[in-house]
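Would you mind keeping the following structure in view while I ask a few things?
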Amino acid sequence: MARGFRQKIRQKNTENSGFGSNASGRFINRDGLPNVKRKGVNVFNRLSWYHTMLNLSTIRFLSYLVVAYIVINLCFALIYYLIGVEHLTGIDKSDPLNEFIDVFFFSSQTFTTVGYGRIAPVGFTASLVATFEAFLGLLTFAIATGLFYGRFSRPRAYLRFSDIAVIAPFKDSHALMFRLAPYKNNALTDADVILSTAIEVLENGVPKSNFYSLKVHLSKINTLALNWTVVHEIKEDSPFYGFTEDDFKNTRIEIIVQVRAFDEVFSNTVVQRSSYISAEIVYGAKFTPMYYPDQKDLTTILDLDKINEYQKTDLPATTGNNE
Amino acid sequence: MARGFRQKIRQKNTENSGFGSNASGRFINRDGLPNVKRKGVNVFNRLSWYHTMLNLSTIRFLSYLVVAYIVINLCFALIYYLIGVEHLTGIDKSDPLNEFIDVFFFSSQTFTTVGYGRIAPVGFTASLVATFEAFLGLLTFAIATGLFYGRFSRPRAYLRFSDIAVIAPFKDSHALMFRLAPYKNNALTDADVILSTAIEVLENGVPKSNFYSLKVHLSKINTLALNWTVVHEIKEDSPFYGFTEDDFKNTRIEIIVQVRAFDEVFSNTVVQRSSYISAEIVYGAKFTPMYYPDQKDLTTILDLDKINEYQKTDLPATTGNNE
Amino acid sequence: MARGFRQKIRQKNTENSGFGSNASGRFINRDGLPNVKRKGVNVFNRLSWYHTMLNLSTIRFLSYLVVAYIVINLCFALIYYLIGVEHLTGIDKSDPLNEFIDVFFFSSQTFTTVGYGRIAPVGFTASLVATFEAFLGLLTFAIATGLFYGRFSRPRAYLRFSDIAVIAPFKDSHALMFRLAPYKNNALTDADVILSTAIEVLENGVPKSNFYSLKVHLSKINTLALNWTVVHEIKEDSPFYGFTEDDFKNTRIEIIVQVRAFDEVFSNTVVQRSSYISAEIVYGAKFTPMYYPDQKDLTTILDLDKINEYQKTDLPATTGNNE
Amino acid sequence: MARGFRQKIRQKNTENSGFGSNASGRFINRDGLPNVKRKGVNVFNRLSWYHTMLNLSTIRFLSYLVVAYIVINLCFALIYYLIGVEHLTGIDKSDPLNEFIDVFFFSSQTFTTVGYGRIAPVGFTASLVATFEAFLGLLTFAIATGLFYGRFSRPRAYLRFSDIAVIAPFKDSHALMFRLAPYKNNALTDADVILSTAIEVLENGVPKSNFYSLKVHLSKINTLALNWTVVHEIKEDSPFYGFTEDDFKNTRIEIIVQVRAFDEVFSNTVVQRSSYISAEIVYGAKFTPMYYPDQKDLTTILDLDKINEYQKTDLPATTGNNE
C-alpha cells in the first residue's frame, strides 16, 4: 500500500500546526488538551495554580478546601497550645487532649471569625496570633470566593461530540462526518468549526506526521440549538481522496476539531476541541436523526442519548479509487 | 395560492440555520431563546446550574437563598438537638420546643459567623459540628458573592423591540420594518443586525420550513443612542417579493432577528435576539417618530412608550404582484 | 455664505449615524456619552442600577454605602426597640434614649456579624430578627464586594484628549488635527480611531444635520505609549474642503471621535469617545511636541500638561477656496 | 559604513509605531512594557491603583495588605485609647501599655468581625467607633477579595521568549529567528505574531530611529503547545537585507515582538510583548530542538530549559551583500 498511498497525498504540508511532527500517540487528547508534557523550569513556575484550581473536579476542589481548613487549624492549635492554654479563657483543663481539642476549636472559631467568645485570648502573644489568624482567615475566604467565582463563571462550550466519526454517502460521493450538540441550557450562536488532520507517512522508514487542513461543508452556523453534523466532503482536494476502508484502518490518522461559538449568557467566545483517530472512524455508515418535532408543546425535542446512533450503509463507487 | 406561492420563492435554501426544518411553532421565542427541549443525559449534566441561577428573576433568586438559609439551619439545628442541648451553653431548657428554637438560632449565629457567644458549644461533638458549619457558612456566602456578581455584571443589551413589524412604503417600493431602542442607561456602539426568515411551504403535502437570510438596508450603526428602525427592502432578491397582504397572513412566516453591539460599560460585545411571526406583521403601516428635540435642555428626548406606535398607510403598487 | 456653503458639501449623507438629524446642542457630550434623554418606561426599568453604581464617583459611591448602612441599622434598631429591650441581654435601661442607642449598636454588631455578645438576643422574636439581619448583612456585603470589583476592574481607556482641535499645515495642504494620550500606567496596543462629523445646514430654512465619516491619515497605531496626533487631511474628499476660517466659526460643526484599543492588563478592548464643536477648533495653529528624550535614564518623558499647547501658524493657500 | 548603510535601507518609514523617533535606550523593555515615563498631571490621576496592585509581585502585595492591617488597627487603637478604656469591658488596666495592647486587639477583633466579646464597647462613643470600624473592615475585605480575584484571574499568556535571537540559515538564504514557548499549563490556540524593528540612522549627524514592519514566515499557528520558532526571512524586502555581522553589531537595532493568542481557560485573547536589541542577536547560529517524543507515555516532552540552546553554524553566501 505504501507506494500507492504516497501518491494519494498530493498536497503540500503547509499547515503551521504547532505540533511536533515526530510525536507518538494522539496530538490532541479527547478532552481537547494537547498531548504534551513540559519539563525544565521549576514546577511552581510551570504550573499556574489558578488554571489548576479551575480544572479540578468539584469533589476534589471541595476536598482540598476542607483539608486546607483542617491543616491550618491544626497548625494554629499547636501554636496556641505551645503558647500555653493559660492565655486563653474558658479552656477545659481536665487533661492535655481536652486542652488541645479546645484550642483547636478556638482556632477554627477565630479563622472563620465566628468568635463566640466562650474561649478568648488574654495576654499579648495569644492575642497577637489570634489577630493574625482572623486576618488570614478573611484573606483565605477572599481567595476562596475568587476561586468559586472563577470556577463557575468560566466560559465553556458544553458541547458533546459523537464518539465516532463516519464515512457516509454525501451528494454524488462520500464525506467524513461527525456531530456535536450543546448538552446544557446555554445559548450558542455564530458557531464555526476548523478541521485539520495529521496523517502519518513513512519517510525513509521513519514515521512522520503530515498536517492538512480539511474543508468543511457549511462551516458556520447561526444558532447552535440542535445537533450539528460537521461534513468534510472527500473530493479531489481532500487528503483522504481515494482512501479505501483499509486505508482508513491501517493509516495512523488523527482528525483534529476546533469549534468556536458565542455564548450569550457569558457574552463571550467559547472554544472546544476534540479529535478522532483511525479506530474511531466507521466506514460506510450514516447518523440517524437525534431530534424530532413535539406537536403537543409545539417545540423540538433533542435527544442527546442518540448522539452516537448510526446505521450501516453502502457508499457509492467513487472515481479516483485505487483498485 | 399554493402554486403561485411556490413560484415566488425562487431562492435556494442555502442558509445553515441550525434549526430543524420540520419543527412546529416558533423557532425563536420572543425572549430570544431557541424553542428546543433537550432529553437524554442526566438532568444534572444537562443543566448548567450557574446559567440557571443567572437566568432566574431577582425575586426567585432571593427566595431560593432565603429558603436555602432556613433549610440549612433547620438541618444543623436538628443535628445539635440530637447531639444534646447539654453540649451548648446558655440554652433555655424550659421545654423541648424552646430548646429547639435555641439550637436553631445557635445554628444561624454560627452559619453567619455572627457568634454572639450567649449560646456556645462545649465538648468535642458540638464544637466539631459548629466548626464545620461556620466553614460551610463562609463558603456558601463566597458562592453567593460570586452569584450576585455574576448576575449583575452579566453583559446584556437591554434592547426593547417593537411588538410588531410593519410593511411600509420605502423608496419606490415597500419594505419590512421593525424597530428597537436601548431602554437603559447603557451606551451601545458599533451595532449590527442579522436578519433571516423561515417560511413554511408544503412539500408533497408535508409542511417544511425553508430558511433565507434577509438583506438589511444599512445594517450597521455607529451609535445606538436613539431608536433604530431596521429596514428589509422587498425587492427582487427578497423571498417576500410579490407577497400580498393575504400571503403575509396565511403563510407561516418567522422573522428571526439578531442584534449585536459593543457595550462601553462592560467593554464587551452583547447580543440580543427576537422574532416576529405572521400574526405580528402589520401590512400597510408606518412607524411614527419616537424622539424629538428638546430646545430647553439642548438634548433629544427618546420616548420609549411610543415604540409600537404606527399609522396605517397605503403601499405603492408593486410590479411582480400576483394577480 | 449660505449658497456657497451648500455647494461645498457635495457628499451624500450616507452615514448611518444613529443620531436624530434635528437634535439641538451636541450629539456627543465631551465625556463621550450621547446627548439623549429617555422617557416612558418605568424609571426602575429604565435604569440599570449596576451601570449607575459603576458610573458614580468614588466619593458618592462610598457615601451611598455609609448612608445605606446607617439607615438599615436605624430600621432594625426600631424593630428591636418595638419588640422590647427585655428580649436583649446587656441593654443599658437607664432611659429610652440609652435603650435605643444600645439596640442600634446591637443591630450594627449583628449586621456586620461582629457579634461581641455583650448584647445578645433571647427569646424567639428578637432572635429571629437577628437571624434575618445577619443573613441580610452578609448578602449586602456580597453585593458590595461585587460592586467594588465591578468598579475597579471595569476596563477603561484612560485617554486624555486635547481640549481643542487645530487646522494645521499638512503636506501641501492643511489638516484637522487633535491629539490624545494615555495618562495612566496602562498599556494600550492596536489602537484605531474612527472619525465622523455632523454639519448643520439649512434645508428650506430648517436646520438639519448631515453626517459624514472623515478619513484619518494612518488611522491605526501599534502601541499607544506616547501621544497620538490624529490627522484628517482636508482634501477634495473631505466635507471641509474649501472651508475658510469663517466657515469653521459660523457653521455648527461637531467632530465625533471614537478610539478603540486593546488594554493588556484587562486583556480587553476599550473604547473612548469625545467630540469637538466649532468653538473648539483653532484655525491656523499647530501642536508643539509634548515628549522628549531623557538622556540620563535612557527613556522618553511624556509631559501630559502640554497636551493643549499649540502655536499659531500660517496655512498654505489652498485651491478650491471660495474667494 | 555610514554611506553604504544608508543605501541599504531603501524602505520608507510608513509604520505608525507610536514611539517617538528620537528616544534613547530601548523602546520596549524586555518585560514588554514601553520605555516611557509620564509627567504632568497629578500623580493620583496618573496612576491607576488597580493596575498597580495587579502588577505587584505576590510578596509585595501580601506585605502591603499586612502593613495596612497593622496601621489601620494602630489608628483605631489610638482612637479607642483616647476615648478612654473605661468605655470598653474586660480591659487589663494594670498599666497604660497593657491598656493599649488590649485596645489594639479589640480593634483587630472588630475589624475582622471576629468579635469574641471578652472586650466589648459600652457607651455611645466607643460603640460608634466600633460600628464604623466593623463596617470598614468588611468593605476592606470586599476590596481585598476583588484584588485577589483580579490578580489571579488576569489573563496572561505565560510565554517564555528565548533570551537571544539568531541569524540562521533558512532555505537558500538566512533568516532572523527567535523562539518562544508556553511554560505553564494553559492552552493557547490561534496564535499570531507581529514583528517590527527600529533601526537608528544618522540624519544630518542626529540619530533618528526608523520603524519597519518585518514579514514573518507562517505568522499564525493553530495550537501553541510546543515551542514556536518565529522566522523573519532576510530577503530583498527586509530592512536587514545585505546586513553583515558587523552591521548587526554596530547598528542600534531593536526587534519588537507582539504575540497574541486565545487562552481557552480564560476564553480570552492574551497578548505578550518582548524585544531584542543588537547585543541580543547572535549571527550565524541555529537553535537546537527543545522537544522530543516520549515513546513510553506516547506523548511529547517539551524541555523549557533548552529554550536558549543553539549551535554556531555557517551562513550561506548571500547576494546583495556589501563588499
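The letters A, B, C and D name the chains in turn, as written, and every chain counts its residues from 1.
Just so it is clear, a contact is a pair of C-beta atoms (placed from the backbone, for glycine too) under 8 Å apart; a residue touches a chain by one contact, two chains touch by 3 or more.
In UniProt terms the chains read A, B, C, D = Inward rectifier potassium channel Irk.
The model shown is predicted, which means the values in this text are computed figures rather than measured ones.
A count of contacting C-beta pairs for A-C and for A-B identifies A-B as the more extensively joined pair.
Because subunit B and subunit C share one sequence, their contact can be compared position by position; here under half of the interface residue numbers appear on both sides. Centre-to-centre, using mean CA coordinates, subunit A is 39 Å away from subunit C. Averaging Cα coordinates per chain places subunit A and subunit B 28 Å apart. Along subunit D, residues 113-117, 145, 149, 268 each make contact with two or more other chains.
Those residues of subunit C whose C-beta lies close enough to touch subunit A in the complex are 113, 115-117, 145.
Across the complex, subunit D is touched by residues 65-66, 69, 73, 92, 101, 105, 108-109, 112-118, 141, 144-145, 148-149, 152-153, 158, 160, 183-187, 189, 191, 218, 220-226, 228, 262, 264-265, 267-268, 291-295, 297-306 of subunit C. Put simply, subunit C touches subunit B in their complex at residues 15-20, 22-26, 28, 32-41, 45-52, 54-55, 89, 110, 113-117, 120-122, 124, 127-128, 130-131, 134-135, 137-139, 142-143, 145-146, 149-150, 154-156, 194, 196, 258, 266, 268-271, 273.
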